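In what comes next, chain A is part of two complexes: it sits with chain B in the first one and with chain C in the second one.
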Partner chain A sequence: MAMAALRREGRRFAPMISPRPITALRSSPLAPSLEDECPIGVRYISTQVVRNRMKSVKNIQKITKAMKMVAASKLRAIQTKAENSRGLWQPFTALLGDLPSANVKKNVVVTISSDKGLCGGINSTSVKISKGLHKLNSGPEKETKYVILGEKAKAQLVRDSKKDIELIITELQKNPLNYTQVSVLADEILKNVEYDALRIVFNKFHSVVSFVPTVSTVLSPEIVEREAESGGKLGDLDSYEVEGGETKGEILQNLAEFQFSCVMFNAVLENACSEQGARMSAMDSSSRNAGDMLDRLTLTYNRTRQASITTELIEIISGASALEG
Partner chain B sequence: MTLNLCVLTPNRILWDSEVKEIILSTNSRKIGVFSNHAPIAATIDIGILRIRLNDQWLTMALMGGFAKIDNNEITILVNDAEKGSDIDPQEAHQALEIAEANLRKAEGKRQTIEANLALRQARTRVEAINAIS
Partner chain C sequence: MLRRASMLLARQPILAARARPFSTDLPAAPSADATFTEAWTKVIPNMDPPKTPLSFMQPRPPTPSSIPSKLTVNFVLPYASELATKEVDMVIVPATTGQMGVLPGHVATIAELKPGVLSVHEGSEVTKYFVSSGFVFIHANSFADIIAVEAVPLDRLDVNLVQKGLAEFTSKLSSATTDLEKAEAQIGIDVHSALNSALTG
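Now for the complex of A and B:
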C-alpha cells in the first residue's frame, strides 16, 4: 500500500514541477504524508524527503536480497534429502496403488504448510485444495476431518473450519527434519485419529520455479482389503504369499503404518523445498521491484534538485535585471 | 536370470544392483531367495541381510522393515541399514557395551523396551562386521 502511494507521488511531481509550480500544493490531496513533511509555502518537495525515501527503499532491497540468498542455501541443503526420500514411497505405490478416488466414510485431510511467511502463494493453494477435498468428501454418510501441520494453514483453517480440526502441529522445522521425528508424528496421528483414508496435501517440488500441489492417499488396511476384492491393482495383492509369522491382517496394518510414515516424510521434505523455492522467487521479485522504485525516485530527486537550482537562478537574474533596468 | 536387489532407507538408497542370491531374516525365520522366487511380501526384523555376488558374500545390518519379492525384483524398505564394510569395529563394540550397560540400568517398562531395542541393534551391527571376516 505504501509502495503504491509512493509510486503515485513520484508520477505526480513530474507534471507539477515543469509548467506551473504554484499549483503544487493544491494538486496533492492524495499525498498526505509528503504534505505533512513540507512546510506550507514551499513550492516543491524538498530533496531531503526524497533522499529519505531512497534510503529506506535501498535498505529494503538489501534485506530482500539477503533473504533470497539464505533461502537458496537452505534449499540446496534440503533438496538432496528430499530426492533421496523419493525412492522410498514408490514401492508402496507399486504394491498398494494410490487411489484418490476411493470412496470412504471417514476421510482425514493432512494439510502440510510452512510456519513462516513471505513464501508466495504455496500455503494458500494447499489450503484451497484441502477445503476442496473437504467439500468433495462431505455428505450424508461421509465426513472429513483436518490434521494441520504448520502455522500458516492453521491461521487460515481455524477461521472457518474450527470444528473439523482434529490435530494441529507447528514448529516442525525447529530441528533439521529427520525420519525418526516424522515417524513419531505419524504415530501420534494414527493413534489419535480414526480414519479410513488419509489424504496428504502438500506442494511437490519439481524445480526451483515450479511447485505442484499434490494429494497422496493412504488407505487403512480394511479399505485395502475391500478394494482388493474389487480387483485392479490391489487385486494382485492376494497373489503375494505373506511371510513374517503374523496374520495377513497384522502385516497389512504394519505395512499401512510404515507407508504412512514414509509418505509423510517425503511430503514434509518436498513441502519444505517448495517453501524455500517460493521464498526465493518472492524475494527476488521484491528486490527487483525495489530496484525499479529506486530508479524512479532517483529521477524525481534529480528533477527536484534541478528545479530548485533553476528557480534560484531565475530569482537572482530577475532581481539583478530589475536593479539595472 | 538376474535378480535385482534394491535396499531403501528414508535417508538414501543403500543398494541398487544385481545379485545372485540373498538370505533375509524375517520375523519368523531366515529365507534364502534365488531368481524366479514366488512373490512374497514379508516383514523384516532387526537382523542381518547376506548378499551373494559371484561366490562373494556381503553382509548388511537392517533395522526392521518390509520386503517385497516379485518377478526377480527384490525391494527392501527399512528404517535404517548399514553395510558391514561401513561399520567401524571399535565403535560397534563400544556401542554394544553401552547398550548392555543401559539394559542393566533400565527401570520401568518403557526404558527396558528401548534398551532392548538398542541392544539388538548394536548386536546386529557387531554381527555384521564379524560375518565378513
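Now for the complex of A and C:
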C-alpha cells in the first residue's frame, strides 16, 4: 500500500528536480525502454509517460499542418469564384440601395454557416449577429424567422430559438458551389417562407486573416413600393420606366427574386472562402501550439532522462566507494 | 477562448488602420447606414454592427446636366464580370418587348431580358453575346447594368446542337402532360429558337 503510494508519487514528481525513483518491474505495464541499456535490477525513472505524450502531440501537429494545407488549397480554388461573383450584387444595390433599417412586419434572417467545424469563430459570429438582428427587429406586430444554411448555425440556434426556425438546409458544399444550385435553394426559400424583408448574414472575405460579418437586405416588392412612395433613398425608383411585362408589380417581383438568388450566390461563396481562411488560421495556430508543447515536453524528457542517469551513477559510485572504504 | 479574443482584437486595428482592405471591391462612404448602426448599438451595445453592402461599393456618379458622350456598361454574370465600367457607344439588349437600343442619355429603365443576342458597339467593333435571360438597369447617369445568368460569345455556339435541341423540346412539348412539363418544354423551345435566329440572323 505504501509502496504503491510511493510509486504513484514518484511518477508524479518525476519531472521535478529531486525525483524519487520508481521500482521498475519486468511485469509492469509501463515496460521501460531503458531496459536494454542498463543491467538487471537497477532502479530508474520511467520516461515512457512523457514519451507517449510527445508522440501524440507530434501526431496532432502533423494532422493540423495537413489540415491547414488542405484548407489553403480549397481556399485558392474558391477564392477566384468568389471574387468573380462580386460584381453580381452591385447593380442591385446601385438601383435599389440598401435599407437595413427598413421597418417591416415579417423579417426573415438567413444565416449562412459551415457544415464542418474547426474553423475558428466565424460561425459563432454569424449566429450572434443573427440573434442581434432578431432582437433588433422584435416588437409588437413584428416577427423574425430564421432560415439556416449549415450544420454549425443549426446546432447553435436550435438550442434557444427552435420555434423561430423555418427552414434548415445542410450539406451545401457536397458538390462544388454553382449558381444553379443556389438559385434552386433561393426558389425553395421564397416559396416556403413569407417575407417582407430577407436579411442574409454571412462573413465577407477580405483576406486570409480578415472576415467581416455582413448583412445584406433584400426587400419584397411591396415594401420596395412602399419605400419608393415615401421618398427617401428609394424615392427615385419611380422615375425608372419599367419595360415589358403586364404590370410593374410583376417585374418587381421577378427583380426581387433574381436579386435574392444573386445575393445568396455571392454570400454563400464569400462564406465558404471565409470558412477556409478561418480554418487555415485556426489550424496554423494549433500546430504552432503543438510545436510549443512538444518543445516543453522534450525539455522535460531530457531532464528526466538525465536525472535517472545521474541517480544510477550516484548509486553505482556510492556502492563502489562503500565496498572500498 | 483566448485565441478568439486575440483574433477579435487583431481584427479591429486591421480594419481601422487600413482604410481599404485589399480585394476586388472598394469601400465607399458608408453614409446610408447611420440609422441601422444607431439602432443596433442601442439594442446590442456589446457587438459591432455588421457591415452592409453599401460600404463595399463604389458610389455611382450623379446625373450630369448634359448628356455624356459614352455609355458606361457593367455586364455581369454569376461567374465573371464580362464588362466592368466599360465606356461604349451603344448596346442593344434583347428585352422582353424586343431588341432595345441603349444610347447615352437613355431614360432610366428597368427591363427584363429574354433569351437573345446582346451586342456591344464600341467605335467600329461589335461584340455579340447570346444571353439566357436576366435584367438590365439603365440609370439616369448613363450607366447601364446588365445582369445575365449565362452569356456566351456567338462563335461558341454549335448549329447542329441547336437544331437537335429545338427538335427535342418541340417533341417534349407535344408529349407533355402536366403544366410544369409544358412550361419547361416551352422555355426550351423559346431559348433554342432564339439561338437559331441568333446564328442565322
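We take it that the second predicted complex is superposed on the first by the 281 of 325 C-alpha atoms of A that agree within 3 Å, B and C clash if a C-alpha of one lies under 4 Å from a C-alpha of the other, contacts with A are read in each partner's own complex, and residues count from 1 in each chain.
In the analysis below, a contact is a pair of C-beta atoms (placed from the backbone, for glycine too) under 8 Å apart; a residue touches a chain by one contact, two chains touch by 3 or more.
A quick note: this is a predicted structure, and the numbers were derived from the prediction, not measured.
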Combined model on chain A: chain C and chain B, fit or clash: clash
Which superposed partner A:184 touches (first chain B, second chain C, both, neither): neither
When both partners are placed on the shared chain, which of chain B and chain C touches more of chain A: C
Partner chain(s) touched by A:243 [first = chain B, second = chain C, both, neither]: both
Touched partner set for A:77, first chain B, second chain C, both or neither: neither
First (chain B), second (chain C), both or neither touched by A:309: neither
First, second, both or neither for A:158, with chain B first and chain C second: neither
Those residues of chain A which chain B touches in one complex and chain C touches in the other: 81, 84-85, 87-88, 91-92, 94-95, 179, 183, 239-245, 251, 254-255, 258, 262, 265
Interface residues, chain B side, partner chain A - complex: 6, 8-13, 26-29, 31, 38-43, 65-66, 68, 70, 75, 77, 79
Residue ranges of chain A in contact with chain B within the complex: 81, 84-85, 87-88, 91-92, 94-95, 178-179, 183, 237, 239-246, 251, 254-255, 258, 262, 265
Interface residues, chain C side, partner chain A - complex: 3-4, 7-8, 10-11, 14-15, 21-25, 32-33, 35-36, 39-40, 43-44, 47, 50-54, 56-57, 60, 74, 76-81, 84, 95-97, 100, 107-112, 134-135, 137, 139-140, 143, 145, 147, 149
Chain A to chain C touching residues, read off their complex: 81, 83-95, 97-98, 100-101, 120-121, 124, 128-129, 132, 135-136, 179, 183, 201, 204-207, 209-210, 212-217, 233, 236, 239-245, 251, 254-255, 258, 262, 265, 281-282, 285
